[in-house]
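Chains here go by letter, A, B, C and D, matching the order in which they are written, and residues are numbered from 1 within each.
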């Protein structure tokens, strides 16, 4: 496997399998001088931890992060920050029945096509547990961004057929909400829907929305490494994502140009502003100073107890009923991972942007 | 600007502006021994050429490609293939009025935020003309893929509110259709819609669908460089794209798991197959042997003659009416560009995949 | 710090400091199906372990490697192989005196110039302990290369003024020789020289030579990623290296062309061969099928007990005498590290080479 | 061929063959706002142009550079700068005799081993003409560096057995000297030596030295992307280079530690300084504020008229006498190329360094 790294200057490399010794990440390019300890990372991992509510898998992992390098006397030194989470609750016996079977909706078959065999225990490298490592890295990126004034917030905007109503949004409740929904009524409906899914031995898809505020203009490189292109790369690299939208997303294809363009106007304070933000804060691949708006569609958890037809290594098709501990909804636990991947992407592009102009280079090397 | 390159082994680097001397591309990593001449590239450029029909900009460019290196006695040598298209019809006077003005929906403002100034003639580096260079590179990638049995086809699946009907698809007509639509009735309706847009001095959004057939299983790297992640990167790097979907895309968020999983079954010939392809041929970021299905939403052309409020460099907001030669629809001319970016992405991942297993390495170095 | 990774497909990322929790490495791109356990890695680490003889630092580290991921049922799965060596014998009190002092010949001052401060304990990230991580990665690369028939051997060819005599070479003794010298008489002289260095409270420079045999022709990319260019990159990335030579190295600048060219001839078996190998097996950056010959000059250990003038953070110059556990000679322990970096470089280029020709691609995808 | 690019942010991609349509380069990552025209590039190309004196090949190329993109109204825009030099004096008939023959000391055989065939005209991609492209890119890098106060100078320090005497150095004469030697007496001796080489139908090796002055401390990334590692990569990527040395280079292996360490002292003005510079300005891979000192050994031109034994494609060994226009000395024309590769390497590392610390990031994004 190549491709376990992401980013150019702020560069993240993850490792580990669901039922191996643990998962971890090496974060290269962390700037020197950032105050950092495990206490800054752990809350991010806790947000994606299973077992927080009845709609999340009951697997009980402490998911305690250990910083192994790159921090000295409470601050980052500029050297790689290596972090690890040991797997503690492995119960590999749960998975022995799927050793020779390709589960519908899983990477089992495609892994075998590529490598000839696989670590079949709990999804191996394709398990959602790999995102623990990304989340730890994202916690560092977000901490740097925060010191530069940039804020990122993700929430669940739909669960199955239930969608948040823009009139009822209360973002202050997302952090404590079991489904990470800002609309309390939608959350009640979504809970009922998920109960129905569970009773039918199935799962549900959902949508995560994410907004970046106070990102400076000028971030993103105009051709292949556009801000939206790298966000697309980052977010499609999450296992269950099937669509990524920027700004108004798929809606733009049905519109006329004058409906979709964001015209400029003068706001109450007399300042010129974009009057709308259909573009989602990105024009020509470069941030324009408005909020960056992202929407990500997550498929339903493929592991369901309902009987399905799977493929056996011997070529036969057999019924399978997948037991074990699985969330009925991926989207809620994915919010923090979406924030993490967004943070990693943004910070790397902000670093790359520093060398964009002669003015910037001259200011840096004369004054620094 | 960093980020003018894409790919790891098959690596494409584009250059050029709309109204400079030309646009071009260096394609590094082209395998040695491919028969190649300008005659293999030109038809791809002709497909995206303006002026082919009344819905495309009337700018008249010959868009003749010249191969400058990397081919000897009719075959690629393994060295970089450099290609250039000279700009011939520049008429830069058309654009002088927008020198100090940020047009709605364009990269004008974000470029100035990044670099302090810009080549304002015709969009400069952000012009759609940059995709000429990608298309030439994609023609080479597609030619290599074709010799490996892989085929890629894109078409327009919606224009504004008009959507192709799956029951009426005739893919043989796409190549000659002015709007690249396989459904002749939808195309008639779309033409009427575009006439309406033109009469209202505006433009229309649209959707491009793309299918890859006969791609071997096992292509894509399982974590950050998933097949879908790199497709997302490649396709979001096209200027007007606001959404990318794989397989059933945004629909998955509304579904239950048993509806979305692709179960396995036995086909008429007794062979085991996936009975559906909601996943769009990619599981865990790796191709599963089914068709890869992609959908891309293009926004309406932002340049419209209808009056809009733009931002002037001096901070005032002023009315602007953009004249010049602009397509009312980006999607039709974008089909070949979507194919090109898909081809570049797939070939690079097929090359990377060759070193995935000890068996592959040992076969290659013993037998080669 | 960026730049903690090396390689394109076979990609190595190291982390860790001399007196932190440990050092480690993530090896991405390991082909699936390689039999691997700690028992394959440990002998490589043992070869560079301190305390093996009286000329090596008496720091006592077990240097036990732990494989954390990427191996399942005794074989690599294709996912990243993460390895860690915990630091056990840290004695950080030894180093407290150098907290505010820049030692001659060390990275202390340049680190502070870059980052503003540093982990001053035992050299931090610049410690030779970082090479443990590279060595573990190199052990994997060498194991893959070995299965492809490629062998790498390094030895000490000079210590201070003592140089091995080509007439007296016995390579079978290198593995067990304390100074890794194939010439037993030179080794005796070198031992006497090192005793003299120790008695004078100083250290000695030395040279490591390395030969790669049975490398296929055609490896290396002809322009910037030449085989010799990447070897140069890899070997100069070792802390104490001040010169890298390929083939006859610096000698070529004094020669005439007909003396330096390797003419072709017919060997005893009637086969055409290069009659000499001044080029060291590389022509135009590509292996030519002959042995690849490399020579690396290591500076003397900069940590010496002899009094020197150092720079204090306060700007004053002060005498310093560096106590602690330091080898008088870097070259001997560096042999295994040179082999490791060479193996990593070669394997990556062999992987990249697989996509060089249409014939190779077609063979791979038809037969695989 | 992969590997036609070099650099991370300031990224150079070259293309072209000796007897194709031309050679060129795309320079991505040029900062916006640099005044630039062909007149800034051409003098660099003129320095490496053949035909300047009797010791350089008499091939007559105008070598006129054309800037194709990235410059608008006299300043760089931040978009890629594409440059091309058309080949005008091709005389491909000179080379037809070597179509099936592998010349000693050339890349002919290794290219065929890799790709199966090659563009045999004048060395194809492996010709020294490829360095034209690097030189044009280096001219831009040096221009940016100059505005940051960094200066680079290369000269010929030895030709065959003739070495410059440090006591007789007059660097002001290098620019106009036919052999680029600062020691006028050594240059006379070197001329006599080259006359002797020509009369013996052979060529001579030589050494290029290069000094970088006023480079800020802190440049270079401490592990794999050390300043010296990237210089090693850059300089070994030149075709005829067989050794690269930093500071005292190969001499360090014969020294004791106290002889090789650079102690600190107080200079006449009361400022603390390194009293010597054996390290060549780099400690732990990071610049220390002293001059960076590099030495590069170039082999003799392999093309000689003297008869040699070459290998024919049919496996026979045959005499060959290479006619055509070839320098007897590569080193003199290589000086400007060494400067170019050094400039490219340094600028890229200076750009990467900008994101090294929180202080730097915060200063840049608050004040910029």
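Assume a contact is a pair of C-beta atoms (placed from the backbone, for glycine too) under 8 Å apart; a residue touches a chain by one contact, two chains touch by 3 or more.
Keep in mind the model is a prediction, meaning the values are calculated, not measured.
Student: Which chains make contact with subunit A and with subunit C at once?
Tutor: Per touch definition, common to subunit A and subunit C: B, D.
Student: Among all chains, whose Cα centre is located farthest from the one for subunit A?
Tutor: Farthest chain from subunit A, going by C-alpha centroids: D.
Student: As a quick test, compute the distance in whole Å between the mean CA positions of subunit A and subunit B.
Tutor: Spacing between the chain centres: roughly 26 Å.
Student: How many Å are there between the centre of subunit B and the centre of subunit D, using C-alpha atoms for each centre?
Tutor: It comes to 38 Å between the two C-alpha centres.
Student: How many angstrom lie between the centres of subunit B and subunit C, each centre taken as the mean Cα position?
Tutor: For subunit B versus subunit C, the centre distance works out to 45 Å.
Student: When you check subunit A against every other chain, which residues touch at least two of them?
Tutor: In subunit A, 1-5, 9, 14, 29, 32-33, 78-79, 114-116, 125, 216, 222, 352, 355-357, 359 touch at least two other chains.
Student: Considering only the defined contacts, which subunit C positions touch subunit B in the complex?
Tutor: 8-10, 29, 31-34, 78-79, 144, 147-149, 216, 222, 350-352, 354-365, 367-368
Student: Okay, in this complex, where on subunit B does subunit A touch?
Tutor: Touching subunit A: residues 1-6, 14, 102, 104-111, 113-116, 125-126, 130, 158, 160-161, 197, 200, 202-207, 216-226, 228-237, 239, 241-266, 272, 275, 279-280, 282-289, 297-304, 306, 308-311, 315-317, 328, 331, 352-353, 355-357, 359 of subunit B.
Student: Which subunit D residues qualify as touching subunit B in the complex?
Tutor: Those residues of subunit D that touch subunit B are 1-5, 9, 11, 13-17, 20-24, 26, 28-30, 32-33, 66, 68-70, 72, 75, 77-82, 84, 114-119, 124-125.
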